[in-house]
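Order of writing sets the labels: A, B and C. Residues in every chain begin at 1.
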């Protein structure tokens, strides 16, 4: 029983990262109908910003998260406005390939700038944790979970309470109608992608505290973001939060099966995804799109 | 109209002639490396490096042409076809390395096992559409590679594990020449298969599925079995390439049998050359593979990129490739063959038009 | 009609289809005999297209049964329905955009019912015959994108006819056409019917039903409101109400 509780706690903590990675990805997919294969690369850009600020300015990594968000928002806005908007009406294969191309560029530019060494962010409290009986919860993990939930809440707030958020919602439900009521599609699309990228940046900052990063460390996160969004259901931030936490739980429980180790994490994740897609395409929480 | 038609026909003829000349050179040049040619003082037109490059190109022709059957003709954007390459490679590799079969007996099992696997995963996957199918198939590609590397049996890695699988060297004279022609034969099989598909009832059914799946169903196309058959055919061809690769390369592991970037490369090749056509993917494979090798600096003709050190060169090459991919996707949504030889000409107005059609 | 007459060609018994609790088709029953030409009319949202989707196997039934020559075809996949001889068109045309007009019709002849299903060469010959029947022979080589709206509707019919159906379901093939075009389309439907095909025609335009059908079924809110000869049915007060609203019906009466 204690083992079970421990696994649940670890699963939720692991899920925090997936929530952070998933919300931005889900937003871009749900509104722009783009599966952004460069999402993981954007995550890692955020990770490197946090690392750079931590190493050269000795900023607390959690304080760098707003910087990640702003920087990535700008990058995302520019990418969408300058590049992705140009093929937004092309068949899905093209957006797929385009974002893969962007992924290639970003990853290799990071390689040129930072090299391929592993980088990690280790604040003074990184080794410490909260002891609950036999379970030790690392502070960093705990804070990351809170930060991820906070991020999701902030995104939901932006989408539901601000003018541009409501415009984005209108676009998601009917692009043409949204245009008819005077929404500037180009700007709104760019803001959407910018918000998605900002979320990716924050996720990257969190990830840099949890694991050592390299320029190509983001690729698994793209796939995992996809699984998270599928699990939760496309179209709502809250659904992605559920999907992210569920994915964390599945991962931790799968790793605890004796003999399987951590090596089948991807296989299990994708098996789960295919199962969900085939049996419940709207996701655990979603409505049919 | 008529003048345009004539010009198009002339363009097409020029392309055909250039294509035939290049293909003839590529197929005949290796013969100059044979002993009797050398002793007769025929100039050496192809060395070892040439063989390696040309065999890779042929391998990508197989993969791009195979992808075209499911992605281009049937319209299902498969992003995990590399799984079939790896399965083919490991099928042949295991039969040779573990069961001690001769290569030529083991090779036919590569396409068979790959096709069976495709049929098995295709049944659930091909019910999905659009992004869902694309990423689910990508997931299968990743998962299969991971499973192959990590499955243990009785405490031993079943498929050689992380250290990979070594095959005994296939002893034959002119090995490079042999594998080059074998891969070319596979490419020919793939191209002829595509030609057959496009002229058959099967192919019309697949195109109908691509254009409108419900409309195809109500005129009597058994969409499920057609899609699965197309997926399995693509898998068989890709698996064949993998099977040849395993013996040619002598060593296989997760990195060279399941390289994720092949997924995108084969699609890009098909797009470059023109999806849904017979020769388009092959032309795209030649173009893109030459470009990749050129940027990577492994072609005999090489140009230094200014301000870039040799160490950084492969990375810069990747950046250029990425930018190129972005440019191609934005400017040429219909493929290069269509672009040069077919319905439209290379002109600024064409670029502007293709931009207007897709952008906001 | 004698008692010995065989089972009706198509028989609907209490066919029901719900979408999220709302019954789009609610217990619809009627029969069609071989060689008939029957119209289904009803206001927008009455469930006409949903009913066609049920017959052609695109929707799974939530209740009732559909029988084809006495045997149940409920739950049978669309391509099997096509194979036993039920063809259909779509209200919003769905041509195979990358193919020519001739190829579109030929694909119908390559698949379709057991009477069709030819190899490509014969299928193209049959496509030519069908295109002549619907009046598209002059445009056989054109890409679909070059066709006008009425021609696209003709092509939709041609592709369905090429599958050699015994029963053809036509979903609003006249919608959006002007009067001259409607007359041409009516002529086309009569020509198809004359080749021995049973026709079930969905229409919003009443004139079409009166012009070509011997029998009409009126749907409203997913239920059969009236059934009988078109002229009689269209004078039915409930039908007028359903179409034109209560106030107008009263005014008409007084």
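Keep in mind that, in the parts below, a contact is a pair of C-beta atoms (placed from the backbone, for glycine too) under 8 Å apart; a residue touches a chain by one contact, two chains touch by 3 or more.
These numbers were taken from a predicted model, which means no experiment stands behind them.
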{"item": "Contact graph of the chains (line, ring, star, complete, other)", "value": "line"}
{"item": "Central chain of the complex, centres being mean CA coordinates", "value": "B"}
{"item": "Centroid spacing, where centroids are CA-atom means, of chain B and chain C in whole angstrom", "value": "45"}
{"item": "Distance from chain B to chain A - Cα centre to Cα centre, in angstrom", "value": "32"}
{"item": "Centroid spacing, where centroids are CA-atom means, of chain A and chain C in whole angstrom", "value": "49"}
{"item": "Two or more partner chains touched - positions in chain A", "value": "none"}
{"item": "For chain C, residues contacting two or more additional chains", "value": "none"}
{"item": "Residues of chain B touching chain C in the complex", "value": "199-201, 204-205, 207-208, 210-212, 214-223, 276"}
{"item": "Of chain B, residues touching chain A in the complex", "value": "71, 77, 79, 124-125, 127-128, 130-132, 134-136, 138-140, 142-143, 146-147, 149-150, 152, 260, 264, 267-268, 271, 312, 315-316, 318-319, 321-326, 329-330, 333, 355, 357-360"}
{"item": "Contact set on chain C toward chain B in their complex", "value": "56-58, 77-79, 81-83, 87-88, 90, 94-99, 103, 106-108, 110-113, 116-117, 119-120, 123, 159-160, 163"}
{"item": "Touching residues on chain A, where the partner in the complex is chain B", "value": "29, 33, 35, 83, 85-94, 96-98, 100-105, 107-109, 111-112, 185-186, 189, 219, 223, 226-227, 230, 259, 261, 263-264, 266-267, 269-271, 273-274, 277-278, 281"}
